[in-house]
Amino acid sequence: MIEGKETVIKTRVLRHGVVGGGTGSFIGDVHRKAATFDGKSELLAGCFSRDWDVTKQTGQMLGLDSQRLYKTFQEMALAEGTRGDGIDYVSICTPNYAHYEIAKIFLQQGIHVVCDKPLALTVAQGEELADLAQRNDLLFCVTYAYSAHPLLCQAREMIRRGEIGEIRVVVGEYPQGWLADNLEDTGQRQATWRTDPKMAGISNCVGDIGSHIEHTVYFLTGLKIKSLCANLTAFGEGRELDTNAEVLVRLENGATGSYWCSQVAIGNDNGLRVRIYGTKGAIEWEQENPNSMKVTFANEPVQIYGRGSGYLYPEASELSRIPSGHPEGYYTAFANLYNAFISALIKKQAGLTLTTKDLDFPNVHDGIQGIKFIHACVDSSKQGAVWVNL
Amino acid sequence: MIEGKETVIKTRVLRHGVVGGGTGSFIGDVHRKAATFDGKSELLAGCFSRDWDVTKQTGQMLGLDSQRLYKTFQEMALAEGTRGDGIDYVSICTPNYAHYEIAKIFLQQGIHVVCDKPLALTVAQGEELADLAQRNDLLFCVTYAYSAHPLLCQAREMIRRGEIGEIRVVVGEYPQGWLADNLEDTGQRQATWRTDPKMAGISNCVGDIGSHIEHTVYFLTGLKIKSLCANLTAFGEGRELDTNAEVLVRLENGATGSYWCSQVAIGNDNGLRVRIYGTKGAIEWEQENPNSMKVTFANEPVQIYGRGSGYLYPEASELSRIPSGHPEGYYTAFANLYNAFISALIKKQAGLTLTTKDLDFPNVHDGIQGIKFIHACVDSSKQGAVWVNL
Amino acid sequence: MIEGKETVIKTRVLRHGVVGGGTGSFIGDVHRKAATFDGKSELLAGCFSRDWDVTKQTGQMLGLDSQRLYKTFQEMALAEGTRGDGIDYVSICTPNYAHYEIAKIFLQQGIHVVCDKPLALTVAQGEELADLAQRNDLLFCVTYAYSAHPLLCQAREMIRRGEIGEIRVVVGEYPQGWLADNLEDTGQRQATWRTDPKMAGISNCVGDIGSHIEHTVYFLTGLKIKSLCANLTAFGEGRELDTNAEVLVRLENGATGSYWCSQVAIGNDNGLRVRIYGTKGAIEWEQENPNSMKVTFANEPVQIYGRGSGYLYPEASELSRIPSGHPEGYYTAFANLYNAFISALIKKQAGLTLTTKDLDFPNVHDGIQGIKFIHACVDSSKQGAVWVNL
Amino acid sequence: MIEGKETVIKTRVLRHGVVGGGTGSFIGDVHRKAATFDGKSELLAGCFSRDWDVTKQTGQMLGLDSQRLYKTFQEMALAEGTRGDGIDYVSICTPNYAHYEIAKIFLQQGIHVVCDKPLALTVAQGEELADLAQRNDLLFCVTYAYSAHPLLCQAREMIRRGEIGEIRVVVGEYPQGWLADNLEDTGQRQATWRTDPKMAGISNCVGDIGSHIEHTVYFLTGLKIKSLCANLTAFGEGRELDTNAEVLVRLENGATGSYWCSQVAIGNDNGLRVRIYGTKGAIEWEQENPNSMKVTFANEPVQIYGRGSGYLYPEASELSRIPSGHPEGYYTAFANLYNAFISALIKKQAGLTLTTKDLDFPNVHDGIQGIKFIHACVDSSKQGAVWVNL
């Protein structure tokens, strides 16, 4: 058992608002808990649903001032952007189709943004948001939360230092099984919007989970995809959007890779797993067992790194709150993401210059890259799974 | 991915105070985060250390009103017990030796208590606390947090329903490796107090982690230990207290068992693992992988149950906040414990009658049973590891 | 512990010869041990190497009659085909390039054949061998030994009975790490011939291990590949042949899949793993842990099937020699393959009609399919990883 | 993939006889296959059962000369001890009660012995066999086959070299579940003799599997048990012999330990697992996954050693026949044991002096130690699980 970690001293608690995440959304509760986890942010305003009753009910449950519950996100952006004690930042956790419009209006009001992925439905939308954020000098975080796991940060640091050599092969997968049956026919909310092109956009499976593979590999290696070849299939009778995809990728340094994501792979929950092979070693990590990581150097025994262990780099250690052996998980990763964003915002509001390290969270450009990936996959597949450049 | 869960509607946010858990304590931060996790409790007062500077610093970090920071726990109990908006309940997360005195004074002030285990140093102390709590009609929770993991509750429910038959054999272990070297010589805080009889009491290893085995097996099976035979060893030069213990147990129904806990088992972090064998089936669970559980019925394949899955009993499902595949961990178990306690307290304060289910959290009587276990182990070992009755 | 299994009564011990497998070959010893494992075959003749000294030395070590050691395989085929007590069947375990010529001459001499994969370098060669075998009424086994593991036979049987529904997605991989460095530069024998196009043919990695994925998936599902898209890379400076390949496949029933094989994936030994997803369930098996298998039906817990368990189908049970919990492995799988071949040959020589079940071992047609797969992969990759039909 | 291993050159094939192991015995077939695995021994004579029909049938199945099938082991010992081409050694694989008498008469006839464990029913019997073997200058191997696994030999070598420091704690377990029900009531042969004191002796569970824990720990550490405290229970209605046992041990160097064996632990097959904790590191190995081993040095990541890997000591490497990644198992361990015994016997018959390394297989003294352990466990338990010295 190692020494514990304290929450560092804070100057001011940030004012937080949320769009989306009303009743029936699990991710909304995750956002709210993660944002307040380290005591630096307080939820004050929300438009939790297009259904005003849901918003009122959610707001009441959360003890919010009824004056700061809003019928529409537009109304909320204007009101909060105007009042003196308006929110510092907003979190967007609605179905995909709405991200762009919501982010846009809050950015226009000078409010910083945390947005679920995929950032937007088109690259043009994404770039418009990036421009807006830059012009208005606003922080923008996209919630690729997995990359905030301590051991993934250890892996990235090891790769940066060249410990596994030049990257040759990347293998990523994200199998789920929850859509093996047509669950949307039962009215289940998550299944309904994800399988509906009007809500989810041009892709379901690649957009929802394939994009996590793309981001995680990029996060670890810093290597962009040069071209890809994707085979998307809409398993499940009558479905319009993909529920399974196999993708071959070629990275900018000559490495090759294969990604597989599926929502019809019975026996899997959220099996995100990445394997990175270099000339000198290899790293393997699984989202469902985030407290350990497999590291192998050529001709040596496989090693199992443990989160919270003394031999980790500071970049990983500082993301652990509790000693090794006490499992951390999804909430703490999400909280790490929020903590990075909130810390940067506090520093920014204090008039300090933000360093690269301060800004080390997935941002609007990562979000755009994600949209490009999704579009490239869909384009490739539509043409018969041919290679397309990114 | 299943539907998410919301925090339920609350009537009033409870007022919370903490004794202990200043800088360098990891468990203090866990208590504070767990207590506020579901938004039903707010930290308002604290005496975080015997060192006034540490308390001030911690209080400032947490944004507390400096009027509600206290130099001594006695002062805190009196002040908070007197003021109209005083704390509803206090959490005690100090080294073991202080639990009794602190709990006592807060109970005397009519303040409900959440206390770390071991509850006290002697059974007499424990029973005094139990009497006090009962006389003053106060809730008392002892933080055996592991038993708040959803899958352990599933296991308990399965055992209660007789699904694995009559219990025959129980096997429990809790290996750690952090005290393989004499870490206390470096001044490391956790190691220092745990290996010091003045702070830890009559036992280090059994008291700290062996007692978790005892509680977990009891929690699962409802079976008390009739007699035990314990071999405690103080590995590590110059140590006075045990760092390793093997314990044989005989349970009240005729089942037998063996428990092993160690702080010198290199390669282990917090390896709490329990295996329960009945006439019809078996259940196995590990604290470090709390999101899955091994269940086997005679002559059938081993099954791996997953937290958050649809086939679980309500008793388990209602303790999951996020869908299966998104790992929950130590914080969520601790938050489940606090949620049970807080929900009961809210209901109690609303004047409602508490049911057995409302009171389904480890209480002062579980704490006393833990002290008895620790004392029996030490007694047995001192006599050469002979059998002693509990 | 279940009842053991006896070797069944045999009528005559078959006479066995071997080509290849001299000093430095691990597979030669495996063939010899597997062929004699069940006591129905005796090694009598051999041409173990192109190096006569190696053949003499190997033959002496094995206690063979020096009259039945041969300088060339041609000489051996003629001599053994002529003498009255000549070998009943020959095993071919040389580098790939020689399989065809050797198999051809033995078939011409009326000798049954067991041949390593890949069967030959071209489809034409393979078909010539198939014709020859048919015309001369000879048995021909290709040593895809993995498919003789009991649990893979259980899986096939479950799939045949429709227990996991219609197959949707197949995922196969076979990572190794032994060629991450240019091991052939040290003169290591296995590395030398496999990376040399003159000995290995048009492919190294796909030919050596990718073909095992192809066969295993076909063995399990009975589904042929309609088209594929393969990206082969020759990682390792100066190498001409592939050491890594990603392959997308479309199966004849509309299922899709992805295969990955690699010899530069540090941290892996012989990581053959197949995952088959159907509309009702899923099956997953790994060659390195062949005594257990993951089976999941929709909305149920994952199940772990154990080799030798009472709940398996006869098709799997009859391939186990020892009770569950006593690990079987590579030798027993290889012995199962030989046992199937030898049993069929004994029955054939006894003048009995062979049933489909008698002939249930990988044969020359499976071998041809393997060559087609390898060629399709190479063709696809040369054209830039486009889709090609098989 | 590393270079393969050849069988070394042999001078003469040893003549082998077997007592026991007729129809229904799985271990008989294992003995026979293991003895011939490396081509240095040939089975020529047998008395496979007390039932003459079974012996004849087994002998015919194995193609033995009917002249060398015997109605009684006495007859066999006398005949084989007399004839010029009599067997060099005999393997004894009968139920426990018969080991002593059979071993004795073969030793008296000057025939070397391989005997299943437990060696005999009493220490006196064991010592008589040891004396006889010594007086007649005969080799005597007791089939603790698990200790012939390559990675256990690696572990022993690491411990001998002090790599994990002074041993502090040992933890051993061997859970099985096959006797959770009263299987003997069905007439199942293995269950019937093992639960019958007339056939199995004074103990079932400790004798059958507990003794494997004792031997494995001794094999690894070289440390004898000074005293122990055992709690044996005969779960299963009407049973006279133990089916579960918990044992505390104190080793000669001051280390402590706990062993647990069970035949009623549903969900387990042959779960032999040993964990050895020293002052500097720890080693953990499981019989069901013998191709890998967990090694941890203080404050370093856990390492997974793989059988057949280049970084192993020669003592381990030389016991591997095939490269890492091709699983070896129960047969190869058993064959390693026979190979050690046979190699020593060949050398001895060649008039060469045997070194300690030549004699590095479990012998009659290990067998006696096993009997002492069993008796001590039974004695301790009968007295109420008190400590008894060995």
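For clarity, chains are labelled A, B, C and D in written order, and residue numbers in each chain start from 1.
Criterion: a contact is a pair of C-beta atoms (placed from the backbone, for glycine too) under 8 Å apart; a residue touches a chain by one contact, two chains touch by 3 or more.
All values reported here derive from a predicted model rather than from experimental measurement.
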Mutual neighbours - chains that touch subunit A and subunit C alike: B, D
Between A-B and B-C, the pair joined by more C-beta contacts: A-B
Far-end chain from subunit B, centres as C-alpha averages: C
Between subunit D and subunit B, distance of the C-alpha-averaged centres to the nearest whole Å: 44
Subunit A-subunit B separation of Cα centroids, rounded to whole Å: 34
Computed distance of Cα centres, subunit C from subunit B, in Å: 55
Numbers and ranges of subunit C residues touching at least 2 other chains: 302, 306
Residue ranges of subunit B touching subunit D (in the complex, touch as defined): 164, 168-169, 171, 173, 177, 180-181, 229, 231, 233, 235, 244, 246, 248, 250, 256-258, 260, 262, 264-267, 275, 277-282, 284, 294, 296-298, 302, 384-387
Contact footprint of subunit D on subunit C as seen in their complex: 1-10, 13, 23-30, 33, 36-37, 39, 58, 60-63, 176, 178, 188-190, 268-271, 287-291, 306, 308, 321-332
Complex contact set, residues of subunit C against subunit B: 295, 299-306, 309-311
